[in-house]
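In the two assemblies presented below, chain A is common to both, partnered first by chain B and then by chain C.
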Partner chain A sequence: MSERAENRGSTGVPPVQFEPKIVAFVCNWCTYLGADLAGTTRLEYPPNVRIVRLPCTGRIDFNLIVKAFEIGADSVLVSGCHPGDCHYTSGNYHARRRWILFRELLQALGFEMERIHFTWISAAEGHKWQEVVKEITEKTRQMGPYKELYRRNGEAASPASPRPSTTPAVSPEPLRSGTSEPSAAAEQELRDTCRRLLAEDKVKVVIGYGKRGPVFITKPEDVEKLVWNDECLANLTVYLKRKEIKALGRPAIVVKGCDERALVVLEEESQLERKEIHVIGMACQGMGEPKCEACEVHLPRFADEVIGATDKHAPGTADRWKALESLMALTTPQRMSYWATEFERCVKCYACRQVCPMCYCERCLVDKNRPTVIEPSATDKGNFGWHILRAFHLAGRCIGCDECTRACPAGIDLRLLNLTLAKAAEEQFAYRAGVDPKAEPLIGAYSLQDKENFIR
Partner chain B sequence: MSRIGVFICWCGENIARTVDVDEVTRQVAEFPGVRCAVNYKYMCSDPGQTMVRDKIASERLDSVVVASCSPHMHLRTFRSAASLAGLNPYRVEMANIREHCSWVHPNKAQATAKAVQLIRLSVEKARRDHELEPIRVPVTRRALVIGGGVAGIQAALDIANSGYEVVMVEREPSIGGKMAGLSETFPTLDCSQCILTPRMVEVGQHPKIKLYSYSEVEAVSGYVGNFNVTIRQKARYVDIKKCTGCGECWNVCPLKRNPSEFDYAMGMRPAIYVPFPQAVPARPVIDAKVCAKILRNGCGLCLKKCKAEAINFKDQDKLVEEKVGAVVIATGYKLYNIGKVQDRPKLEGYGEYGYGKYKNVIDSLQFERLLSASGPTVGELKRPSDGAQPKSVVFLCCVGSRDNAKGLPYCSKICCMYTAKHAMLYKHKVHDGQAHVFYMDIRAGGKGYEEFVRRAIEQDGAQYYRGRVSKITEENGKLIVRGTDTLAGEPVTIEADMVVLANAMRPADGVEQLAQKFNVGYDEYGFLLESHPKLRPVETASAGVYICGACQAPKDIPESVAQASAAASKVLITFSASELTREPEIAKVNEDTCAACFTCTHACPYHAIEQAEVRTPRGVFIKRTARVNPGLCMGCGTCVAVCPSKSADLEGFTEQQIYSMVESLV
Partner chain C sequence: MSATISETALRELVAGWIAQGKRVVGPRVIASPIGPARDGRVFYAPLQSSDQLALEGFIHPANAMKEFLFPKHEELYGYRITGKGIELKEVESLRAEQVLIAGRPCDAAALPILDKVFNWDYKDELYNTRRQLTTIITLACTEHDDACFCTSVGLAPDAERGSDAMLLRLGDGEYEVRCLTEKGKALFDGKLKASERGASLPSAPEKRFDAEKVRAFVKENFDSPFWPAQTLACLGCGACAYTCPTCHCFDIVDEGNIERGVRARNWDSCQFRMFTLHASGHNPRPNQPARQRQRIDHKFRIYPEKFGEILCTGCGNCTRNCPEGIGVLSVLSAL
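And now, the complex of A and B:
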């Protein structure tokens, strides 16, 4: 392909026109045949597009799109059969749902959305293929080469813009005062309950909060190690999947209302059976975390027993999406710059993954090297790739416990990415994670009504 | 290290005119893994294919890339060629440098550069192709035919006469479907039962057809070649093996006046009855909703009269299992019930025609029974209210069809023809009668059809008005039909003795639940979905399940019979070998890394992924995993995209292949 203009200027040779690289992921049955038809009809279009043929748009994961940009594509086109015509009946519906969510994430990241295109092109639409390719090539030529995400040629990112304020406008302090403190009585009741459960052999281990982290109590006399106070921030459900814990036998687990939703998701995803664990729900008035302002689950709903319930529980009144406002108020390049600065600090410690109850894959995708989907190293590519991947894999599954944000040693506001996708899930699909154990998954299901105004 | 052979085709001038094939060959030969690169004028020709085979042998190639036309044209060709040379056919890839390059880019330099890159893509893909064997699935060479109307009968006979066993399931007490109730058929005016009943008898007596009458499909599992079907045999209360059909029971039954289903309530039948004399099986069934013995332990006269001891009031539904390899769905149609109460919110009914209110407003199937020589009026045309012979009959076409606002937008195809037939048969019976037909268009597209309609008008004097009827009322025993004649530009009011409505054709009740059992799609009206409307009209999205007849779309008898034979031929293709081979480019799950979240199971359009367990050889449980059923998977790759750990992968389009391809575009 032609070299970029900026590499030629100084030799006195007239600068070569920038030739955009366009990667097109197309389905075999419709768009590929549509492109064939364009060929048979001898419809000319610029030679910048490279087609990667796949059986169905359903096969196209967002990773492929990211990878295309990583290797140097300036624009990406994804195209398949019209809704209702999919050769495999519903692959394109699944793809459409993923694209809706992925676009929301990319917008929040400050990605230039004009560089990604989605179309439905049927086997009869040779002309449409020609028009689409011509349009995308020209548009991309005008936009210039894609550099932002990966700071190619060692250039610095655009000047860092002011970091959006993500601290809540209302101070969290009022939540901690007076009536909101978890009572010592609740702590005692918790200990008594656990002592009884262990003594009666109803459970083999209690997973609870200790003074300095989680405790795993197997003997009744050790229940004094359990605490309940306003520092019980962790989401203990993450320990349910650990082999060492499972080996101990039937567990009881202490959860707040926010953590409990993880149990619902885990059950939906066949990771645990509700009747095989004993759930001790702790009524909570708020721990002063940003998420507590908009909390609606002060009382756990599915627990076997609830400790500390009083009649003073009221749902938080703050807007759940408030933290996104300042982020989305930035311009697109400012947002990209913001995230570039944030991710620069990421050292790939994977604390966010370790602390998340939904990250239970035995072999995480970032650890897969044949092929290397995400660069594991702490570079721009690797960091963006990782955070895009994790955020997207949590779409419709993240229950907003914010542990990842709390655990991040680099102070990256991961919460914003999770909120972006949670908001998209609610607004586009009326879907909320961890609410209904019988709900279909968000990704893995589709609706004929999913909106496609961005698909040409 | 790979040994890839690249074969670049000139395609005569089609490629070579715009792509410098020699330059491409030179560049491609430098790619890592490419053992040899050659070009030739016509790669798909015999000498071209021989060249490929020779190079495979002489260069000991382990993969082949042919750079020429679209894979949709010749991938099979080159895969066979490779196979003949002993190379696994799934290690052959094609680079499309014609439709996607030489034919659309006139600039030689650009086209050549692009061709090189496209070949690079395919080389990267071929390098990582796995050797795949076609998947062999055993086939149970028995067929299931659901529906015993003319389409089901035709399909069953075709399959059975080819030597394979057929299980036929019919939910009415007798086979024959709607055609058994017709009087005469267009365009020949053949007596419907005369042409159908020999076929019915053949089905009933055929050594290879196992008929479950008065039965329904309860459940199905499995996949093409290996379906397990559960059939519910509904309780007849009569043992049809013992019964001799002597008729003593239905003669003695005191409950004689129950509306006959076969006569669409134009006639009556007893509580124990055979639906019509030519029924197959010609054995009675007891209507448990009215029988006095069943309801309150009264009567029991038939039991006393039966010398064969065939009556059994303790009968119960039975569930039977059958194993089959292919299924033909031929469930037929029903007429649009135009009363006000509808089963879908979008349908509104046509209350203004007085159907259900005025006894003499009937639909077309009811009229057939009145015309029929073996019908409730023994072939004499008597109107329902008083048995008088109607001297003026009005026929309304398009009742419910072609109506976006209140009914169904599609055309029911047969009504123009049968209305003309009705007008003719009416005239043949009532010589001094007058038939009036209100129509929108005349659709008479079949062989002899147009001529038939003209005969109704010219020879049998049917009066045709192009217009619709707005309202029907009754005054002094006459039906007042208010319509329009748009060609004359005037309203028309007719005093009729009887009105016959040509109601729309809809799929039979319960077809949607049946379709869901078989994973067959259906449209918003319930008509079953074919694979491709032009090229695959009898196949469905489910391999091994075929459809024919009016369940797919409104159609007449000749088309139903033709489609039934088509479906039968598809079944015979499925049965042509004792094993089915399926394309092996399907998904598989890495059970070591699978996290058993089963998102793939939810997403799979073919329900081809099961929840399974990994156990040691001694049976100790290790973990749960998703597992792809190779008999069902169609290779779309949706599971791969939704898998968070990418434990699911798709042969022929593996993650490694796609990533290598994309990375080669640098």
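And now, the complex of A and C:
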């Protein structure tokens, strides 16, 4: 923020007329040459645009758009070759698909979408470049400087906090204990199954739920440590990637219907061999989490065996995006203010990343410091950078287990970002992560039919 | 004889401090335009008005009070690269007085412990200045949950250590006030009534482990299978360390561009792989069991041997905030 302030020339006299700063990320082969052509043919256009040349639109990292705003851009233009013209065959198709999703995320975060422009400009379209730059400059001039980035509206914007006397606060989840009656039979069956699997040496370890969180059972006599109750919240598939667990040998894993979707995505992404894992599916009545309200997978579908029964049926799919309604009902600056206030509590403990079954990178981008991609500080910049990165790297991959939200010690409703992207994936591409094992991964693929009504 | 204050008078007092321009921090239910934070949980946060102060209905805020003396991100100085030279810019010195109100005694007890590490070989000016400008008013606990274990580390629900004043609930909206230091006295000067009532002894969590035995155990059992057995479920996030009142590790980073930037310190956690990763690629603590052992080792052996104090106040935040239910207590109860 201070950088932005300095760029505004806060030290001197206020500028007489606002001159917008526009950052254009362009591909080397088409738009850059188009801009070059505009120059060589002496076409005049406003000097407000700063061009950043990249090899291909497919190489334009989504973070760059955000970064441009952070260092003082008032508008951003992203431009590349027309469909069919990509010099690397399909870079622009991949980019297009990413932008469709990324725009939805930025919208949910409260970025001003009128400041983000996408165009296709070929090497022969000097005129189009001139027109586009003129138009964006004019439009941005009218909108004025981008002041709302990471801005909080202050306390007045939110309703007065309820006094605890009227709304009793709930203390954080206590140590897990206790079992619920209806699942006692399923629990016994689970223990019997695991005892058999271990005794017959079909598996070396059972990854399951214990009284106080996950347990790793390696001996048949220890199966009594396994529990099945309404505290079995964790998505245990996260352990399949961990070296210490892998070292124990062939695993059996206890999953709920929602957790199981992670296995589908991990297999699609070649992160596991399904036949090397014994999957014990538990019929689930719901754990009382927000996600359970719209659950469609009370019964696991791909498990090697399913234990227990459920009388719950999938509700109408209409409820799936209900949680987004109140967020999207806010105005753009209100949404920005909401997230800036929520992220302010982020301590960068990365619990959201560590509990995520899909976050399996050996080294996370946020841990790279030569050069720094995302600032490690828990500041507006660092926090928005991190949460945008986390959410978008899960676009088309997040299975909605909401572990990130459950794990967050700051109580940030991260699932709203995941839901935004899941909704976009479903509405734009009829794609749902972890549902169809044969489906092509959303981000790795593209279609010539992907919409482009937002691209000029 | 004791000195008391009513809740109404206390809130008026808080409103007065806010009006004087003091930064007042206390437990608060966080609300947003689209509803309260998850579970309506309570955090230590700056108060804009006195009615935001939450005095009951929770065991321990989800964060720790240290955040307001040792912030998660703090700029040390700025720099600007000018031609061949580098211009340094000092950060503005702190001036605003701060009142931490209704803090838990386990949070306050952490401060004298932290004072030692911030004034050992190097006197940390930023920390010390904040500390001097801050008055700590604690609220003795009347409830505890399964994660609380202050009595196991030599504290109590009404431990006075680190507090400038302590409030004790009397019921009927009355609080007993014990002014423990000059700073504490100054804040309540002339606001207290003399009363016959005194607070009854709060119920304390039962003692769960013996800290001396823990120290002996960690000293002798560096390579014990106990560690992997107890901590295999650890996923390596920093939720325990970042919500701990006593964890104080930090990392120093430069943030900026080719022309200017700031040098800042950010919290760091021994649970991260990067914490001990060498440039060569070697990592002396290669897995979570080793990192969890370090956490216990530091709290119960290394720190006590160096500074004579256990680096843990039994607040239970590590256990409450761990997504997989691991914490100092769950590990040590298994001993």
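Remarks
Just so it is clear, the second predicted complex is superposed on the first by the 398 of 456 C-alpha atoms of A that agree within 3 Å, B and C clash if a C-alpha of one lies under 4 Å from a C-alpha of the other, contacts with A are read in each partner's own complex, and residues count from 1 in each chain.
In this section, contacts are C-beta pairs under 8 Å (C-beta built on N, C-alpha and C of every residue); 3 or more make two chains touch, one makes a residue touch a chain.
If you're wondering where the values come from, they're calculated on a predicted model, not measured in any experiment.
In the superposition on chain A, A:D36 contacts chain B only, with no contact to chain C.
In the superposed model, A:V373 makes contact with chain B only, not with chain C.
Using the contact criterion defined above for the overlaid structures, shared-chain residue A:R98 touches chain B, although it does not reach chain C. By the document's definition of touching, both partners, chain B and chain C, reach A:I71. In the superposed pair of complexes, A:Q334 makes contact with chain C only, with no contact to chain B.
With both structures placed on the common chain, the touch criterion links A:Y88 to chain B but leaves chain C unconnected. Once the two complexes are laid over each other on the shared chain, residue contacts for A:Q271 go to chain B alone; chain C is not touched. Within the superposed three-chain model, A:V238 lies in touch with chain C and out of touch with chain B [touch as defined at top]. When the two complexes are overlaid on their common chain A, residue A:I51 makes contact with chain B while staying clear of chain C. Once both structures are placed on chain A, chain A residues 71, 372 are touched by chain B and, in the other complex, by chain C. Interface residues of chain A facing chain C in the complex, by the touch rule stated above, are 3, 6, 71, 155, 157-165, 167-177, 212-216, 234, 238-239, 242-245, 326-327, 330, 334, 337-338, 341-342, 345, 347-351, 353-355, 367, 369, 372, 375-379, 382, 403, 405-413.
On chain A, the positions that touch chain B within their shared complex are 1, 21, 23, 32-33, 35-36, 38-40, 42-47, 50-56, 58-61, 64, 67-68, 71-73, 86-91, 94-95, 98, 130, 269-271, 360-365, 368, 370-373, 393, 440-441, 443-445.
Residues of chain C touching chain A in their complex: 28-43, 48-49, 51-52, 54-60, 62-63, 72-73, 145-147, 228, 232-233, 235-239, 241-243, 251, 253, 255-257, 260, 264, 266-267, 269, 272, 274, 287-289, 319-326, 329-330. Residues of chain B touching chain A in their complex: 70-72, 96, 98-101, 103-107, 110-111, 113-114, 117-118, 121, 521, 541, 585, 592-593, 595-600, 602-603, 605-606, 611, 624, 634-638, 640-642, 644-647, 650, 652-653, 655-656, 658-663, 665-666.
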